[in-house]
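For reference, chains read A, B, C, D and E in written order, and residue numbers begin at 1 within each chain.
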Amino acid sequence: MSLLDMDERLLDLASLIDLVYSPIMDVKEFPEGVDITLVEGAVANEDNARMLRLVRERTDVLVAFGDCAVAGNVTALRNPIANPLPVLQRSYGPDPSRMPGLHTPDAEVPPLVTKVENLRALVRVDYYLPGCPPSADLIFFVLSELVAGRTLNLQSRATLG
Amino acid sequence: MKMLDAAMKRHRHQPDSLIEILHTAQELFGYLDVQCLKYVGHALKVPPSRVYGVATFYNIFSLKPRGAHTCVVCLGTACYVKGTAAILAAIERDQHVEVGGTTPDGQVSLVTARCLGACGLAPALVLDNEIHGAMTPETALARIKAWTDHDRG
Amino acid sequence: MKAETMAQTITIEPVSRVEGHAKITIHLGPDGQVQDARFHVLEFRGFEKFCEGRHFQEMPAITSRVCGICPVSHMLASADAGDRLLAVEIPDTALRLRRVVNLAQIVQSHALSFFYLSSPDLLLGYDAPPAARNVLGLAAAHPEIARRGIRLRQFGQTAIELIAGKRIHASWAIAGGVNASLSAAARDQILAALPEAIETARLTLDWFRASLPSHDEEARTFGHFPTLFMGMVTPDGSLESYGGRLRIIDAHGRLVADQLDAAQARVLLGERVEPWSYLKSPFLKALGPDEGAYRVGPLARLNVAQRCGTPLADEEFARFRSLSAGPVLGSFHYHYARLIEILFGLERIGELLDDPSCLSTDVLARASRNRLRGIGMSEAPRGTLFHDYTVDEDGLLTSVDLLIATGQNNLAMNRAVTQIAKAYLHADRLDEGLLNRVEAGIRAFDPCLSCSTHAAGTMPLVVEVHDVNGATIGRIDRRA
Amino acid sequence: MSVTTLTINGRLVSAAEGASILDVAREHDIHIPTLCHLDGLSEHGACRLCLVEVAGSSKLQAACMTKAVEGMVVTTDSERLRTYRRQIVELLLAERNHVCSVCVANRACELQDLAVSMGLHHVRYEPQAPQLAMDASHPRWIIDHNRCVLCTRCVRVCDEIEGAHTWDVMGRGRQTLVISDMNEPWGDSASCTSCGKCVRVCPTGALFEKGAVATNKDPHFVTYLRMAREQKLWNR
Amino acid sequence: MIVDDIAAVRDREHAARAAQKARIAVCSAAGCLSTGGSAVKDALTAAVAEQGAGTDVRVLGTGCLGLCHAGPLVRVDAQDAAPAMFEHVTPALAVAIVSGVVGGALPAEQRCDLTQPFFTRQHRIVTSDAGVVDAERIEDYLAANGYAALEKVLTEMRPEEVVREISASGLRGRGGAGYPTGLKWSTVAKAQGPGKFVVCNADEGDPGAFMDRSVLEGDPHRVLEGMAIAAFAVGAEQGYIYVRGEYPLAITRLKTAIRQAERMQLLGHRILDTQFNFRIDIRIGAGAFVCGEETALISSIEGKRGTPRPRPPFPAEAGLWGRPTLINNVETYANIAPIILAGGSRFATLGTEHSKGTKVFALAGRIVNTGLVEVPMGIPLREIIYDIGGGIPDGRTFKAAQTGGPSGGCIPAAHLDLPVDYEALAGIGSIMGSGGLIVMDETSCMVDVARYFMEFCRDESCGKCIPCRAGTVQMHEILLKMTRGTADERDLGLLEQLAELVTRTSLCGLGQTAANPVMSTLHHFREEYMAHIRDKVCPAGVCPMHAEDRP
């Protein structure tokens, strides 16, 4: 959503690109043959992992977008607790049968992974765009460069946090 | 404490004798508790944080009381090549104790050594200060059982 | 995917044009009729656990990372809880600035919800091609509206940035006040941008009001049912977003409780857990999960308030309240209420900043921890947000409870999807546009699912860019 | 005082006798990254960021601890050194829970600055995510081990400038931890004088003041203190 | 005591020996003691007393007899017969041996073949007293010409001459790095100022190495004498032996030996009635491998955390308490007396061009004759393993020999004919190290071995410098992933980069060499790594490889 902070530049960019999959649009399946994908967030549950692998398979340039995707960040703050069970118990009470997030045969929500991972841990990442969130200027720069087909050189433009 | 004082006196309360004094204290009391460390630090004029830093740097010093029996598993290369890891795992499983810990009943403390220098006897254990060579998971467990059966029975 | 005998389940995943990751399952009976529908929230982070052991004064910074949409609301609720742990009255200017920032946040978030996420349905139609049914499609069809919407959101974001500081906004509000006062230049810049924003809000309201008759059906079916409502008011019952008290009314407009502080409200609320969703469902404990279901957010706030308290918004408020004899029950009117709140927020920001005291540098009260429990709250764009902290003597958290706006609408959202599904869907009638209506019903609540499950990221919602002719139309449903 | 001449990065520079390579480089505006070094404290030589190449030596030398010698040829910046320095910062970021976005020292942190200056956008190593506690028992300050880089500036300033020796380190290897007294709560420390020097010299958000969320670190007062003490400038 | 008194002690001892019918030596090193050696010794002593042979037969506890796996070992030296050795001796056999000595016919069973290559191919300098000298009697040591070298140095030589003699011998440090001993001595000797120190590094830390322990337990006076000569040569009056806390027997015997030597004025004030004073104190290590690194060892002797300091300044210039300090290891000191007595040039005839003398190795692992051997430098590895070591047991094949402990490397079969000296080992990515030599067969996985050593270094890192503290953690993490089948080729690249980082940027020797086992196995056994990474298979069948599909 920090993408939207580009404000009106979003409209300028829209003329150059074809947005095919996004939380702000209604295409439900990730298409094939995508040129550039910005992936935000860390891998916290098994759906995330599946989706990430699919995206990687169908994308030419994959950009880890934001600190969670780049480094785990706040999402990974639960990692020192090692096992998600106590985290779930804290929120949902002690009874596992009443608890979402576990490996049950008919789980309606994706089970949590033991350790939250950044994207790199699972797939090859082409570019890293850190920041919590990355600044709109930076996003615009990155997208402009990538759309123009240039190799990204972020140097000291970006940092974690 | 008297013997500890004597040891410190022998070293003329030199701050550099700290490690020697800690050895003595551990021999006397079995482990180093915070009170004892404070006492030594005060006597040798070494700041408390430094005493604690030294005591926790070295593997031999224990800040927790040990169990009635101690089992040292050698993790030296020769022992490792000959399967000491399996022995360690068997003891951990069987006695419900982790390395560095003591069984809940306070009977057995499990520790590891980086090499006992008894490589000719690999894999080797030290059970209550006695080296046992050419061990297998079964013989190791049997020896530990012998302690506990004897003491608990 | 489950294969039930004869019965079918329809899954909509991901629910799009909402903040966060969710799915909807619709269960059809053997006769092809909708039996039940569920709204599943698929993200979970565990803030409540891993914040244990942290110091309460870090919480505004940490919890503002709960959500990318309403970080300010978390920061302010957290700072409010911190104020209570310190047991201080924060300086007037600090409260004033916190209010301005929270209103700016409401403006930007509401603009996001309305223009970026929901207006494609309203302007392009529920049955428009999915690939074009988004803000970029909107920009193509109605460039002026899209641009105005974007600039309206930009106003809110810029105001936040000017007051709370760019990027480090997370550490601006702290227990005891705020850590930076407002410069005259920043104030002038915000005030200068106000007229255009107000103009946009009014134009949008005019257009929306005029289009209302065409949305009559949605107003009746998109979650139209009786519930309780909860929202923040001033002592005299006007609309308030921060530093006020809570009021709860029933579906007939009768007061259930009034002028509650956060702690008093907190004890009234229970939470239900469902293994099929990460989102818990709060309800009014005394009435149970059915009778005690309540709604929060713009609709609820306008229902509990007697007036907005600013001239233009009050004019619109009167029109809004005339929709119904009692409280407005149709969840579709969240959209209407949202637009009114934008107008109110802009007007109120003007009033708050016009007072010279907003530039005072007395913005922080210093104290050490004086209590062991502190419950703070703010009105987030989506509704009331509680932060409930318990600390040890050193101020380290022993318990953290975040009661989030979206969660408080969970029971209502589940009821709404069932109502919409029953109204529109049948085994023989399952086209994309109809399913989109189910999602649109959820969108009216503007749920923030990252928030609701204390999530920070939004994997795997991806934005991507495609080359020419790449317009792939995805499947919208999966049947098992 | 005699003068030494040496070459740094191809530039002929002069140095006071006994000066370290780091001193000389800084005097001539040649940047060498550092972390454990702090003017006014003894050298620790542990962060290895200031390693430089010295012609004729196969080993890299720590600029902070190596004296400038007549005729020495020093290279402070090379592809190899940049790679090593980058790796070291990556190792630090992976070692503990350095979550910049929620850190009190975000944008006021020497570790973060190092990462930025190196163009470091991500860490390739496995985050260790150790479970470490915070100690908030002191009335004014907090120590959060999650953000500690073990530079021991706090230990040294406490010992060498304040003379209290409240801090030291315990354990070893990855278990190393900064402690006060006998690993007791800071607030209970009998030796701590509550002077706050440790908080000011800490390069990250590991030591910070309660409530002051955006930490303003100011490690440079140490030089002044030391100079003032040596030259007895207290009552100027 | 003066020189004449010492001579008198020697004479008495020689006379007593001449009158004895036989001497029975029981190996009293920790290895044999652990398999019942002390019971055997008691049985021998009791049997001798019982059979009334108290003056004819002497039972002595002696240094390591070498063949550790066959212990307890008993050696019989009779006046009129060739030496005999018995293996796996029980108290019952001990009685039979005494009867045999008295009766003139030794038991035939459990005899060790003393003509086997294990014994004949060795060249004993450092371990020459094993089987001859009772570790707890200074008189025995004196009778074996002990302290004669010290006597020679104090009475006939000037310090510079001693240093020159050591330089001429070509002796290099036996602790691992192989720094020329003579050069080190001359640096300390030249260093200005009073209060120099001589330190013996007896913190034998490499897993798989127990040469120094055997020397300390079996021949402590040899080490003390070497230190005293060094102290004379460099001008020191105080010495420290820093000995592992894990070696209680060595500590006891050292304490006894120091007391005995002091009583005979061979240590302490006015040694042998000359102007030379030299005291030795024991410092007991407390379980930190890094203290084998000399600057860490210095910190530890000073009573501090055993963290290393950057060098320069080197300890030879500024060591203990900032004073010039000579640090050598046990085996190096044990070589000193023989060099002085034989002359440096004579010593230099043994070995190869740059590696002189002998080296003691501890053979362990998958090898028939596990134990202690001393061989001339330059002997081919094959000879050590197959001839002296007896080859690989259980019909398996040789895979690798690990030398140098956690700082060393693994030598593959292709290099079996390598002459063992400092340069040759370094040339193939290993090091001489302190002398641990662990043989592995096809049941060992080289990735797992690399992981094992990395775990060791990670746990033993002092934590001071970042590359070692955190780099070893990450290298171990990657190796662990490999052994679990979850690593990919990016991990291999990271591992190699980290190996370079840790090697090049670590503060001390521990870190600088920590990556050696990884680099050496990667060099010689790369295909085994690839099997783990690409095929998710452990060819040796050691690694768990349950590559659970990661989330």
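Here, contacts are C-beta pairs under 8 Å (C-beta built on N, C-alpha and C of every residue); 3 or more make two chains touch, one makes a residue touch a chain.
Not measured: the values here are computed from a predicted model.
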Maximum distance between Cα centroids and chain D occurs for chain C
With centres defined as the mean of Cα atoms, the chain at greatest distance from chain A is chain E
Sorted by contact pairs, first entry is A-C
Averaging each chain's Cα atoms, the one nearest the global Cα mean turns out to be D
Here the gap between chain A and chain B, centre to centre from mean Cα coordinates and rounded to Å, is 48
Note: chain C sits from chain A at a C-alpha centroid distance in Å of 22
For the pair chain A and chain D, the C-alpha centroid-to-centroid distance in angstrom is 34
For the pair chain C and chain D, the C-alpha centroid-to-centroid distance in angstrom is 45
Chain C touches at least 2 other chains through residues 62, 65, 167
Chain A touches at least 2 other chains through residues 43, 45, 48, 73-74, 77, 80-81, 132
Flagged in chain E as touching 2+ other chains are 288, 305, 459-460, 462
Listed in rising order, chain D residues that touch chain C in their complex are 101-104, 106-107, 133-137, 139, 142, 185, 187, 210-214
As the complex stands, chain B meets chain D at residues 34, 37-38, 47-53, 56-57
Per the touch rule, the chain A residues reaching chain C in their complex are 1-5, 7-8, 10-11, 14, 17-45, 47-48, 51-52, 55, 59, 65-66, 68-69, 73-75, 77-78, 80-81, 84, 86-88, 90-93, 97-101, 104, 106, 108-110, 112, 132-133, 135, 143, 146-147
Listed in rising order, chain E residues that touch chain D in their complex are 288, 290, 305, 309-310, 458-467, 469-474, 477-478, 494, 497-498, 501, 504-507
Per the touch rule above, chain B residues touching chain E in the complex are 14-20, 22-23, 46, 50, 53-54, 57-61, 75-82, 113-122, 124, 130-133
